[in-house]
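Reviewing the structure listed below.
Chain naming follows the written order as A, B, C and D, and within any one chain the residues start at number 1.
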Amino acid sequence: MFAIAITLLIIEIGVPHVGEGGSLFKSLVHLWPSYLGYAISFLVIGTVWANHHNRFRLISRSDHILLFLNILFLMCVAFIPFPTALLAEYIREEAHRSTAVAVYSGTLAVTAVFFTLLWLYAAGNYRLVDRSLDPSLLRAMTRRYVLGMLLYVVAFALAFVSPAASLALVVILALIFVLPEPDGFGGARRTRRRSVGG
Amino acid sequence: MFAIAITLLIIEIGVPHVGEGGSLFKSLVHLWPSYLGYAISFLVIGTVWANHHNRFRLISRSDHILLFLNILFLMCVAFIPFPTALLAEYIREEAHRSTAVAVYSGTLAVTAVFFTLLWLYAAGNYRLVDRSLDPSLLRAMTRRYVLGMLLYVVAFALAFVSPAASLALVVILALIFVLPEPDGFGGARRTRRRSVGG
Amino acid sequence: MFAIAITLLIIEIGVPHVGEGGSLFKSLVHLWPSYLGYAISFLVIGTVWANHHNRFRLISRSDHILLFLNILFLMCVAFIPFPTALLAEYIREEAHRSTAVAVYSGTLAVTAVFFTLLWLYAAGNYRLVDRSLDPSLLRAMTRRYVLGMLLYVVAFALAFVSPAASLALVVILALIFVLPEPDGFGGARRTRRRSVGG
Amino acid sequence: MFAIAITLLIIEIGVPHVGEGGSLFKSLVHLWPSYLGYAISFLVIGTVWANHHNRFRLISRSDHILLFLNILFLMCVAFIPFPTALLAEYIREEAHRSTAVAVYSGTLAVTAVFFTLLWLYAAGNYRLVDRSLDPSLLRAMTRRYVLGMLLYVVAFALAFVSPAASLALVVILALIFVLPEPDGFGGARRTRRRSVGG
């Protein structure tokens, strides 16, 4: 499902129509917010995908609450192409910029909230995770996701003050979560590759 | 295929165009039927997906009638994005509301009919299911799906009386079918997770 | 890839726009060619999918000619949504009906040609198929696909005489190829189910 | 993800609208740049897919730099439907042809750059590839990809001199990379088939 959502992003970029005597090159340059939105969302979904994959490998049981939280989480991920298109359409317009960026970072914040709930539910009291996992490791992961979630909420709030700062924070967060995880966070280096291999 | 149909739902929501002096925020709020349709259809397809997956795990043989019924069933599932877009477009218009909701709940009713036929064909006389399954368990599943199907037909009929009640019933049905199944319905808790993991 | 092409079919059906005082119900009925095209193409792609899956299970080796023929074959399958949309748009217009149906059945004929070439190349002199297969079985399969291909070419030619007859032949062919294969054609009943399970 | 990107190509071809007294056949013939773009991009993505699959089979470890390079590479592949639609729209217009072809071959050149970087990073000093591989084999692969990358850059430059020559080179490169690889490049003949089987 991640693979489909990430590939659908390109559909939202329409071919520009060049008027009489116009320049295709200038029209393409004018579309820069679309490329920017595509690149950011691709990076964000790719990062969320890798994290979701790595954490679900530690979850050894399942129940209906986890199933339901996961559906809500995936509903957010599959929604991302819409605010991305919105961002591309309105980022250049002073009057609408804050709203467009707020919807975009707000969607990511809600996605992060459901991801964190999913993790808190599964890892709390070893409810659904592998019982052989180190408790300090689980606490480190929980800290990481709760902090990430809070920073996405900050990005949402920032949209009303400085849309540019909000987007910058979103990109920084994606880059941090794609960086090497602290030692021992899964030891999943071999199989992780497969999940993003294509 | 479920994963693709569920992710395609977002494509049907177009970015709003804001007129001179208009508010993007208001335009986005105005799109609420699209978000509602997205959320309901996502939940419905997700629930159908989990049920289809769980029941097919009990089917140990196959034949061409099952294959053909399954193609018809999947044809209905893949069709769902169309009535979802219809619902979003016309739910606000008094004159067209009943028709749009009837097409929507009618599509779900037809989908439920094919799912039930599939199950009745496979489970009747242990035709294609695992012969070691408890007969009272099979009867309980059959009751569950026949009852669900009848309630989807009721939702379809309700659309002509009260579109809101019809949609409410659709949501309730999806929530019921995502709830824990009665004990012993597959014991598939471990593998079920994978099918919705992404 | 079959799963994606088959699910994309629904995107080609746009939500109708109802004019002042118009009826949504009549507008939806007016879209019948779109539903017809959707159903036929879904059935055709589903059938091609099952046949492709069943025959590739007998192919135990591969080479670059097979790879190249397969790319051309898949290029045809992924193309089908376009002539389907064309068919839906123009089947009601007397002046364009023959052309639309000819493009549709012509696309299926070309797809059948590549499928047959793929099979003739793989099965000829046991080039790439399992050497333990019964020669009379291979000959029966070859006869089946060559005959099917010829009938798709007939459907293409019929489009210029009677578009309705051409479409009828296309549907009949899909139904024949979804019917039970002659005995011994793979004994793949158990695994075939998985490929269409969703 | 390759399967999705390759299947999405067809969505970019819209059904033509025929004016009063016009000919559907002529309108369809007029769309030839769309078919050409579809065929070239399908061939290119198919070839890139097979090469990516074959080389990743030799990579036995992974790290975060590889993961990040792979995300950038996949971002390019998923982008291809956009320049394909651009090419189809503007190849007939003298004034915009060079720009459209340059964006198209430029996208492929950037994709080739990331693929080559991916390979150089993984294969350099046996960083992430299987240590039992023959060093002269690795050098032959590196030569092959570096040369291919340089030729894609040449195709990009050619777009400003002769758009036709640029496209011709792109097609030739795809055909070369789909041809048999030199002996010993993986011995992956059996499994490679699966990756393009559908």
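One rule holds for everything that comes next: a contact is a pair of C-beta atoms (placed from the backbone, for glycine too) under 8 Å apart; a residue touches a chain by one contact, two chains touch by 3 or more.
Fair warning: this is a prediction, and the values are worked out from it, not measured in the lab.
Trainee: For copies subunit A and subunit D, work out whether under half or over half of the interface numbers are shared, and give different or same accordingly.
Mentor: Comparing the two copies, subunit A and subunit D contact each other through largely different residue numbers, since under half are shared.
Trainee: Angle of the rotation mapping subunit C onto its copy subunit D, from a C-alpha fit, rounded to a multiple of 5 degrees, please.
Mentor: 90
Trainee: Select the chain at the greatest separation from subunit B, using centres from the mean of Cα atoms.
Mentor: Result for the farthest chain: D.
Trainee: Any idea how many Å lie between the Cα centroids of subunit A and subunit D?
Mentor: That pair's centroid distance is 27 Å.
Trainee: Where the CA atoms of subunit A average out and where those of subunit C average out, how many Å apart are those spots?
Mentor: 38
Trainee: Would you give the residues of subunit B that are in contact with at least 2 other chains, written as numbers and ranges?
Mentor: 4, 8, 11
Trainee: Note which residues of subunit A are touching subunit D in the complex, please.
Mentor: Listed in rising order, the residues are 3-4, 6-11, 13, 15, 18, 23-25, 28, 38-39, 42-43, 46, 50, 178-180, 189-190, 192-193, 196-198.
Trainee: Quick check: in the complex, which residue numbers of subunit B touch subunit C?
Mentor: By the definition above, subunit B touches subunit C via 1-2, 4-5, 8, 11-12, 49, 52-53, 56, 59-64, 66-68, 70-71, 74-75, 78-79, 81-82, 85-86, 89-90, 95-96, 99-100, 103.
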